[in-house]
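Handing you this structure, nothing more for now.
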Amino acid sequence: MSGLLVNELSVSHGAIAALRGISFSVQVGQLAAVIGSNGAGKTTLLRALSGLNKASSGSAQWNKSEILGARPDALVRRGISHVSEGKSVIPELSVRENLVLGGIWRSDKSDTNAAITEVVELFPILGQRMSQSANTLSGGERQMLAIGRALVSRPRLILLDEPSLGLAPIVIEQIFATLDQLRRKLGLTIVLVEQNAMSALEIADTGIIINLGEVVASGKASELINDPALRAAYLGY
Amino acid sequence: MELWREERHAVRKKIALFILLGWLLLVIGDRVDELRVYQGAQIAMYTIALSSIVLLTGYSGQVSLGNGAMMAVGGYAAALTLNNLGSPVWFAFLMAIFFSALFGALLGTAAARLSGPYLAGTTLALAVGLPAIANQFSFLGGEPGIFFDVGLPAQSLGEEFTQYKWFFWIATFIALLSLFITSNILASRFGRTWRAIRSNPLAAELSGIHSSRMKILAFTISSALAGLAGAVLAMTISLVAPGAYTLTLSFALVTGAVLAGVSSLPGVVLGALILVAIPEIADVLANRLGGGENVSNYLPGLIVSILLILSVIFTPNGPGENLRKHRHKKASSH
Amino acid sequence: MQKLLETVLIGISTGSIYALMSLALVLVWRSTRVVNFAQAGQATLSTYIGFEIASRSEIFWLGLAFAIIAGALVGAGVDYFFMRVLFKHAISGPAAVVAPVIATLGLLGLIRSIVGLIWGGEFKSIAAPASKDGFTIGQTTIPFSALNVLIIATVSLILITLAITFQRTNLGLSLRASAYAPEIAQLAGIRTARTRTIGWAIAGGVGGVAGMLVTSYNFLSPYSLDLLLVFGFIAAVIGGLESMVGSVIGALVLGIGLTFILNYIGTSLVFIGGFVVLIVVLLVKPDGIMARGKTRRA
């Protein structure tokens, strides 16, 4: 099938197994929310998918070709962008430079400029701060910049690691709404890792719940939200 | 009480070992020719110098490229004491230790806050700068240097007893004594504390270790050892001059220590052997290969550099590490 | 007053050459976290090649051009064949502190020995591209010469070129991003390993220029650039290894400081002067002049 297909993915840090036999699938154009508490292995999952960490076994395919073991920069060229934990912007560079960075590998410079313009339309606040150093941005603005940078490379699959971390509720709403919009308008496939389970599942099509490195539940997001046992265990109420 | 008895046993065994070693070396010294005896003295000198690196870098984790400068301090202190105060030789060596320790303490205090490349840079600057001071002040003898003459061997040792053999005896005695003391220091809680600081400075601080004080202590003792080695060097060439304590010497010391295992005290003997043997092996090779002056001048450097690079890549902690790993593998596969 | 002026001018000229070396060291430190002592060896090899071209063609600038190319190739080669191999074998244990330093020291010795085997140890010299005679103003002759002016001009040109490259080109952006945040750079699609090699090539080329400029007024031997390395390193540390601007400032501070010591105190104390300047700066600012609150350490 097209889309992201993860099969029995395992990652070990030395003797410690961070991920054990993770399997799930995300269809093209869908948003999958990966939920779990701290230390569950969510970040490790994304890092294995984007090539930053090595997987010890298993496979992951994007549109029927294997992505495990490839270098991060090679995956960017295949249309996979990873917005890593911690805002993923380079504070020493300006806002504009951070955005340009997203398209630096592309040979089509005019399209890169067009992409940057589109990002500024999506996040107007960035347009006002183009020449400012990225470390002058607020938390929410940095997150927008990070997502913006990923978008400049015109990805088909976006991996997002806890974009809501440390942000005010109203900003979180804004960002999640934008993600939803991106998925609908551009047909992007999105894997959204979150601790903020409720908000994530509300905009998601599928949900995957991970605990201690293993998948404990998965399925349609709407069903997961309404299952009382799961709600009690993982959503807190 | 059990532990005490064990420790005293270990110390007594060590003393016996060293005495045995000393006797062995003297016997060997009797049976080889002048050149080997002289090289023996050189090896003894390098042993002391390398042990200063093992303590400073291998144990307390501070990278110094300037131990050659500390050797210079010791050498000059010894020579000045001997010539101007007319004191006995052993006192001159003692002054070498004292002044280089003092210097080391000062340097250590300034350097305690520095780490990694900043410390390396500072000691590098010292290595280049210090010996050149001799050129400025006349009482330091300038470029040609000052004589350092420990005198002829005692009459009672007989007519056959050459000057070089005398050097060899003195150097070996000093080397054995200083190695013994150093190995005790390294085995004590000082050694353990230094290793703790090196492997995890934050944890060390949190468990109450006063890092800067210990680091300064490491610098002090290491410089004392280097200074002693510098005085022994002066004895073997009967001279102290800036040209004897060059940057190349500082580099050679670090090289020798790494080749033999930077945290292994027994390794200093191997390191010293290598440092003395390589120029000679290179000479032999150069003669076989022909090629003239270029080859004989630069072949030793080529061999040492290749050895060094290979050893950093394959046995960064010295040959002992690979042997230990091998034994572990064998043991665990049963 | 005149002596003061002379001192400052010569100091700037000397310092500008140190600036090239310290810049090269900082470039490599920022991208690879290694102090590349082999920089002196690379510069020596490049300068010998430049010397060959310059003496055959009798054109200094042609030699300089070849030195830059040779330096870039050697620099790239060292990173590609040596550094990558070195970092594949991750080093732990007591040697971890000292291993990278020793490795580059070993490389320095290796390159130097090869140079010595090929060219021998006798001093060589290159005809300077400008006069070494001091300028005469009225009755007096100051030791500042046309060559000094040329040196300052050449270094300034290179610094400006580098600044433009780093700040205004995509290559420069890639280099900076790879140095500041290698993971983020990778996730943005930058081939950080290749970018790093380019950084080493630039550092190597810059080192080649430094070597040629020094040799325009000094003899060339397998050991003649060692001092340049030491002072370049001191300058880089003074400026705080993290900042390229800092390395230039540190070099000028060092150059002027050393010339002061040379003119007002004595020749042999120049070397220990380097140590004194360094220790004074580090006592006040252990991470160098340009260090702010947050510093990136090894």
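Letters A, B and C mark the chains in the order given here, with residues in each chain numbered from 1 onward.
Throughout what follows, a contact is a pair of C-beta atoms (placed from the backbone, for glycine too) under 8 Å apart; a residue touches a chain by one contact, two chains touch by 3 or more.
Every value quoted in this text rests on a predicted model; they were computed, and no experiment measured them.
Participant: Out of curiosity, which chains are bumping into both chain A and chain C?
Facilitator: Both chain A and chain C are touched by no common chain, going by the contact rule given at the top.
Participant: Which chain has its C-alpha centroid at the greatest distance from the C-alpha centroid of chain C?
Facilitator: Between chain C and the rest, the longest centre separation is with A.
Participant: Going by C-alpha centres, which chain would you call the most central?
Facilitator: Centroid comparison flags C as closest.
Participant: How many angstrom between the C-alpha centroids of chain C and chain A?
Facilitator: 43
Participant: Distance-wise, how many Å sit between the C-alpha centres of chain B and chain C, to the nearest whole number?
Facilitator: Centres of chain B and chain C (C-alpha means) sit 31 Å apart.
Participant: Rounded to a whole Å, what is the gap between the Cα centroids of chain A and chain B?
Facilitator: From the centre of chain A to the centre of chain B is 56 Å.
Participant: Touching chain C in the complex: which residues of chain A?
Facilitator: Those in contact with chain C are residues 50-52, 71-73, 76-77, 81-84, 88-90, 92-93, 97, 100-102, 104-106, 149, 153.
Participant: Could you please specify the touching residues of chain C with respect to chain B in the complex?
Facilitator: The contact residues of chain C facing chain B are 29, 35, 85-86, 89, 91, 93-99, 101-103, 105-110, 112-114, 116-118, 120-121, 222, 226-227, 230, 233-234, 236-237, 241, 266-276, 278-279, 282-283, 286-288, 297-298.
Participant: Looking at the complex, which residues from chain C come into contact with chain A?
Facilitator: Contacts found on chain C: 170, 173-174, 176-177, 180-181, 183-192.
Participant: Considering the complex alone, what residue numbers of chain B touch chain C?
Facilitator: 57-59, 61, 63, 65, 110, 113-118, 120-122, 124-126, 128-130, 132-136, 195, 198, 247, 251, 254-255, 258, 262-263, 293-295, 297-299, 301-302, 304-306, 308-309, 312-314, 316-318, 321
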